[in-house]
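Both of the next two complexes hold chain A, though its partner changes from chain B to chain C.
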Partner chain A sequence: MTEIGTITPLGHGELLATESASSSRSYFRQIVDSVLRRVGAILGAIWIGTLVLLAVFSPLIANSHPCLMEKDGHWSSPMLAHLSAGDVILQTLFWSGAVLYFIPKPRRQTRLILWICVSVLAIGIFPFIINPPTIVEYQIYREDQQAGKIEKVFYAPIPFSPDDHLFDQMEMRLTAPSRIHWMGTTSDSADLLSNMIYATRIALSIGFISTGIALIIGVIIGGLMGYYVGWIDLLGMRLVEIFDAIPTLLLLLCFVAIFTPNLYIMMAIIGATSWVGYAYFIRAEFLSLRQRDFVQAARAAGLPVRSILFRHMLPNGLTPLIVSASFGVASAILVESTLSFLGIGLVNEASWGNLLNQAVGEGGTFYWWIALYPGLAIFLTVFAYNLIGEALRDALDPKLQENK
Partner chain B sequence: MPTPLLEVRDLTVAFDTPRGQIRPVQNVSLSVYPGQTLAVVGESGCGKSVTALSILRLIPSPPGRVLGGQVLFNGKDLLQLSEKQMQSVRGKDIAMIFQEPMTSLNPVFTVGEQIVEAVQLHQNVGTRQAYEIAEQAMQDVGIADPHKRIHEYPHRLSGGMRQRVMIAMALSCRPKLLIADEPTTALDVTIQAQILELLRKLQEEKQMAVMLITHDLGVVAENADAVAVMYASKVVEYAAVNDLFDSPKHPYTEGLFRAMPRLGRPGGRLQTIAGAVPNPRRFPSGCKFHPRCPRMNGDALCTQKEPELREIATRHWASCHHIENFAAAPITPPTSDAIRKDAEAPA
Partner chain C sequence: MFAYIIRRLLLMFPTLLGITALVFFTMAFSPGGIGGPLLDRSGNMRGGQQQYIRAYYEKRYGLNQPKLVQYARWLNLISPIGFRSNDDGTLGSFGLKWPSLGESMQQHRPVMDLIAESLPITLLLNLISIPFVYGFGVVTGIISARHRGGWYDTATSLSQLASWSVPTIWAGVMLIGLLANRQYIKLFPTSGLHEPEAVFMPFLPHFMARGWNCGWLFDTAWHLVLPVVCLSYGSSAFLTKLMRGSILENLDSDYVRTARAKGVAERDVLYRHVFRNSLLALITVAASILPAMIGGSVVVESIFSIPGMGKLGVDSVQFRDREVVMAVTLIGGLIGLLSQILRDIIYAMADPRVSYE
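Let's turn to the complex of A and B:
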């Protein structure tokens, strides 16, 4: 009996030696690795990654302002001078994120917190200190160049801004793809490709943010139902069923009718109408999780409900949500395109759905390039999210894993 | 006699099920004294765990609810506290460890994160200091190389190690009372002995009271100071460990002792208690043990009147109508020394 309380050092030494050979990977790391083993998911991720780069760097890729020009003997960069606060914020987020991701030093949490601090600072400060000229006349550069007033000029790869309506070249309205306008021009004479590139911003942000809003609402309502059961569950389920019974498009139309749609209201509306599925999922997960021993143990340790719900139960019930959220991002993009196509979506902002709306002109003329390219972009993006979602589902499904 | 740390008085717990109400705990009274161990023994389903969970107010509600009684901890009734106040009792004053170490740790956090969360909840310390406390707690429970183990996920630890982590987590806040709900049932015999030895050692070091729930009489003989025997939702016998082992008064306790295998006495079938544990939906009338009781001989008293728990000898309570009649009956329960030897033998 005397030896029992202590562990023999030899046995555990061996154990440690064998185990430390394989490094301890967290659960989410394993999932990411397994997703990235699938070709479809890689292609999807590459497409989404491309969109992210296009969104961040769109002012550098497509801009009517010259990157650099020499006028009257001195150099200037109208492009930099005309960067909006949003452009600068995006650049800051991107570069600080990239730097913090690749430097090894502080712990991952510290770096994440650092990045969030930088983001909040950027969003809080830049709108006040960056005031680009509000009235821009894109044609002056082209006119000056033709008149020989500019000695040297370098343009971005696509020398057209999305809201450059080519007032100096009225004959360019609704032209098919050509050497100058690679994807043609729209009904208001803007370059289609440039519009498409800027529209990636809306496609990405509307997908992520509206899905995020839906997730937050769904997780809170579903989580409370699943944790408390009883009458909270009863009432909550009725609320969910009511929302589920109303056709989403109808609900959206009502919301759009009440609020004039701008980007943020649009995100909130899509989020507020698509949380039902997440609430179902998280409720089902929590119903089974609340019986689990570690939740019991957490309660016995005196942890508050907030911590039990969101720190202990949520990460364990997140897996089905991740899958359905990746499909949710795709459907949010579709919803935005639908609304824009119906002409009740965003106004004055480049979005794929808005462009698509212009494919049929007055008198029923069909402009194939305006239908093809935005349609293709919507299709590919939704397809990419679905590929990623399916790979996630397979990675998270324990039954499929056993069969491998 | 010192004042008890925990005193459960007349606790009755009910569960409302679609097929009617059941009462898995009825009029249970127990007391745990500072620094001592109270063992609660009984078959599966006799109400041991529900008693323990209701002390911490952890029974799922609905369907469970406490119908009556008091749970006095240091003189204040835990049943009257708000949920908020109760959270500061759980883990800080009364900690609990569970039966299943394999599933009692959250799979998505490292063991260190889990201990640290409990530490920071109840003690006002920074993260770095909390990690030091956690590491010390892991050292205390005999985990080799805690500095490294603290960053491991639970799936990389064995069952015994996980139970040690659970104990470390429970003890990291220095509770005054530890409720151990069958802490060794899911572990193999060698690890069982290690964990019990560890619990006893830590109890001594930290001057902590323990309420040990078990159905292993060997464990009781080894660890307990006092024993409460539960049968079909009630305490049927309550005594100091030596008194109980030397002269059990209740026929159920007698039956339990007879049913124990003992080393060095080969051959023969083990004696069993006839019949089966009653279904809590349909408890027998009168004495709940009467259908299985060897003392039963068509006595109307047993089938109609439920016996009260009475003090038979000094600080020895039992609930049976026929204790006096059978006091002289030749029963040969094993002495506590004999059982102690048995318990030590496998080690």
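Let's turn to the complex of A and C:
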């Protein structure tokens, strides 16, 4: 009796779970298809895709080290010798991901797990075996070339690294765009275009990871609030209210002033201050879901809360969350560039906000190229995410679809 | 309704406690602690000297006490009922007292004075921006809803999304660089609220002995043009979208069909029936736009060096000037919470279907 009593509802619950998961996937598919039919979203996606490619291949696109050179009769590649562990990890992730995506053989989940294994291995191993020289002198190649010591040399399309301060060409500080420096140079004589290409890494990773952190916090807190109404809800709402009413920029400033900001702390801080919207949303969603039959059935079956929350309720409330997440990525990029612009964000890495900060020099001189290009990059990226978010929202809104 | 308001006002206290505690303890547990950067600023002092100054700060602001005690003392400081403090920092008798916000560690002035100087500037900036935001949002919203699907509508919805995405920092830098710069067009001043000689100006424009004088009022207004533009373009794009959606929703409703069936002119349908109902959506967001704009004015004030509360907050956070940071947090949080409550109340008043009983 007890055996039957426990098995049947469990089986029922499992069935419901798989059913809801598969229906949510097809729903997700519909949404993606309908988004891809909009011009704005396509352009946005193309721009984000370009940024991803630039971020992955930045050392191959902009580098002061020659790709190949023939010196004293033998060939070498200083560029490959100076690749950092991070560069190699990114390349490994990209190429293994691309290969695993396009081969048809194992099931999709197997390929995903395989890719995750490769990533973990790469992140675990490469930092220990790849030790590029820590002291680099970029000007030696140019000097050797002028002195005629190098027979043949091939450079990357943009022959400047972001931290190449052109010590051999002091007169190149703060020059306007020219044939050599396509977007001009910055106040410390570095090539602006090269800096901007490397900064795509910061923008993309900040956007994705801090939104991911915010989503996780928001879903957990909002889910608990919506599932256990009562005093947990009351307490949670106070927490939400605290983070909602606090001047966000001030809280960010406090956190940033306190922890010396590097990229990872920045992601955590932005994530920890922007989860409120997601928590509100998931709470409202769960409040209505918890009355539905399938949740009641799962609860009657005695499933653990973890399983009810994340396997039964979450898949049903998740798709609309993608809309807010896409706007969230945009606002995370905005927040990072604003903080960096105010001089309290990332210090050692050149992000777009940091570069924009150099646009007005001492004495009020305005360097238009430093203002124009990094600002434009921030704008286009935020705009792209907003376009995608807008298209997603339209696709999810049944009212708008009727009118179409 | 009345009970609801009372309940919300009472719930404000734990939230405010949470807000201030969050900021206080993140500051207190940071490496270097409260006031740390103040000591580092005088970096090349001899060891003994620095220790002496640290001891002075610790005694003066009670930094050597447990952190919880420090927080309790701060709460005691701002509450109207509590222990009076003596001149030597010990606690005196219990009873009614005048609430205070303490003294700035960096500027050695009462925080109340600093707030009294900077808060009006921030509010002025925002109160000037809000009419522009609403005016622009309502007008473009109506036009694009009337020509729904036309080129004007497409252009506005695209440009509203675009201007929503323009970062304020970029807009500010470009405006300063192009319109307030000797290299290009020197039309506007770059920073501040007044010219240095504004103190000697008459209030209104006058012809004076040395020629035309633009006057204090015009001078201030001229300084505020670029900051107000920076502060308002994003919100007005948001309101345009809201207004358009609200009008379109109302145009589909039954009462509009009835009015049209009765033969009411299209113009009257739009401006006498739909317009008024559509304004409800805009009124309800008013309460949430104000704190958002105050948040945005932190950036604008920093770009244009306007001595408002946002700039005060940024500066004091960098020096971890405890009393000022706490005061700015308290006031910002209070404005945020009050506008949340206001939003819910206005919502209930504007829409009779909503009730909190």
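Methods note: the second predicted complex is superposed on the first by the 373 of 404 C-alpha atoms of A that agree within 3 Å, B and C clash if a C-alpha of one lies under 4 Å from a C-alpha of the other, contacts with A are read in each partner's own complex, and residues count from 1 in each chain.
Definition applied: contacts are C-beta pairs under 8 Å (C-beta built on N, C-alpha and C of every residue); 3 or more make two chains touch, one makes a residue touch a chain.
Being a predicted model, the structure only gives us computed values, none of them experimental.
Residue contacts after overlaying the shared chain place A:Pro315 against chain B, while chain C stays out of touching range.
After overlaying the two complexes on the shared chain, residue contacts for A:Ile216 are found with neither chain B nor chain C.
Judged by the touch definition given at the top, the superposed model places A:Thr248 against chain C, while chain B stays out of reach.
Look at A:Val229: by the touch rule set out above, it reaches chain B but stays clear of chain C. By the touch criterion defined above, A:Phe383 lies against chain C but remains apart from chain B after alignment on the C-alpha atoms of chain A. Annotation for chain A, partner touching more residues between chain B and chain C: C.
By the document's definition of touching, of the two partners only chain C reaches A:Gly375; chain B does not.
In the superposed pair of complexes, A:Pro304 makes contact with chain B only, with no contact to chain C.
Across the complex, chain C is touched by residues 40, 238-239, 241-242, 244-251, 253-255, 257-259, 330, 334, 337-338, 341-342, 344, 353, 356, 359-360, 364-366, 368, 371-372, 375-376, 378-379, 382-383, 386-387, 390 of chain A.
In the complex of the two chains, the chain B residues touching chain A come out as 56, 58, 60, 62, 86-92, 95-96, 98, 100, 103-108, 117-118, 121-122, 142-145, 148, 151-153, 156, 166, 169-170, 190, 193-194, 197-198, 201, 344, 347. The residues of chain A lying in touch with chain B in their complex are 1, 4-7, 9, 12-13, 16, 19-20, 24, 26-27, 229-230, 290, 292-294, 296-304, 307, 311-312, 315-316.
Partner chain A is touched in their complex by these residues of chain C: 11, 14-15, 18-19, 22-23, 26-27, 30-31, 158, 161-162, 164-170, 173-174, 176-178, 181-184, 190, 291, 294-295, 298-299, 302, 310, 313-314, 317-318, 320, 325, 328-329, 332-333, 336-337, 340.
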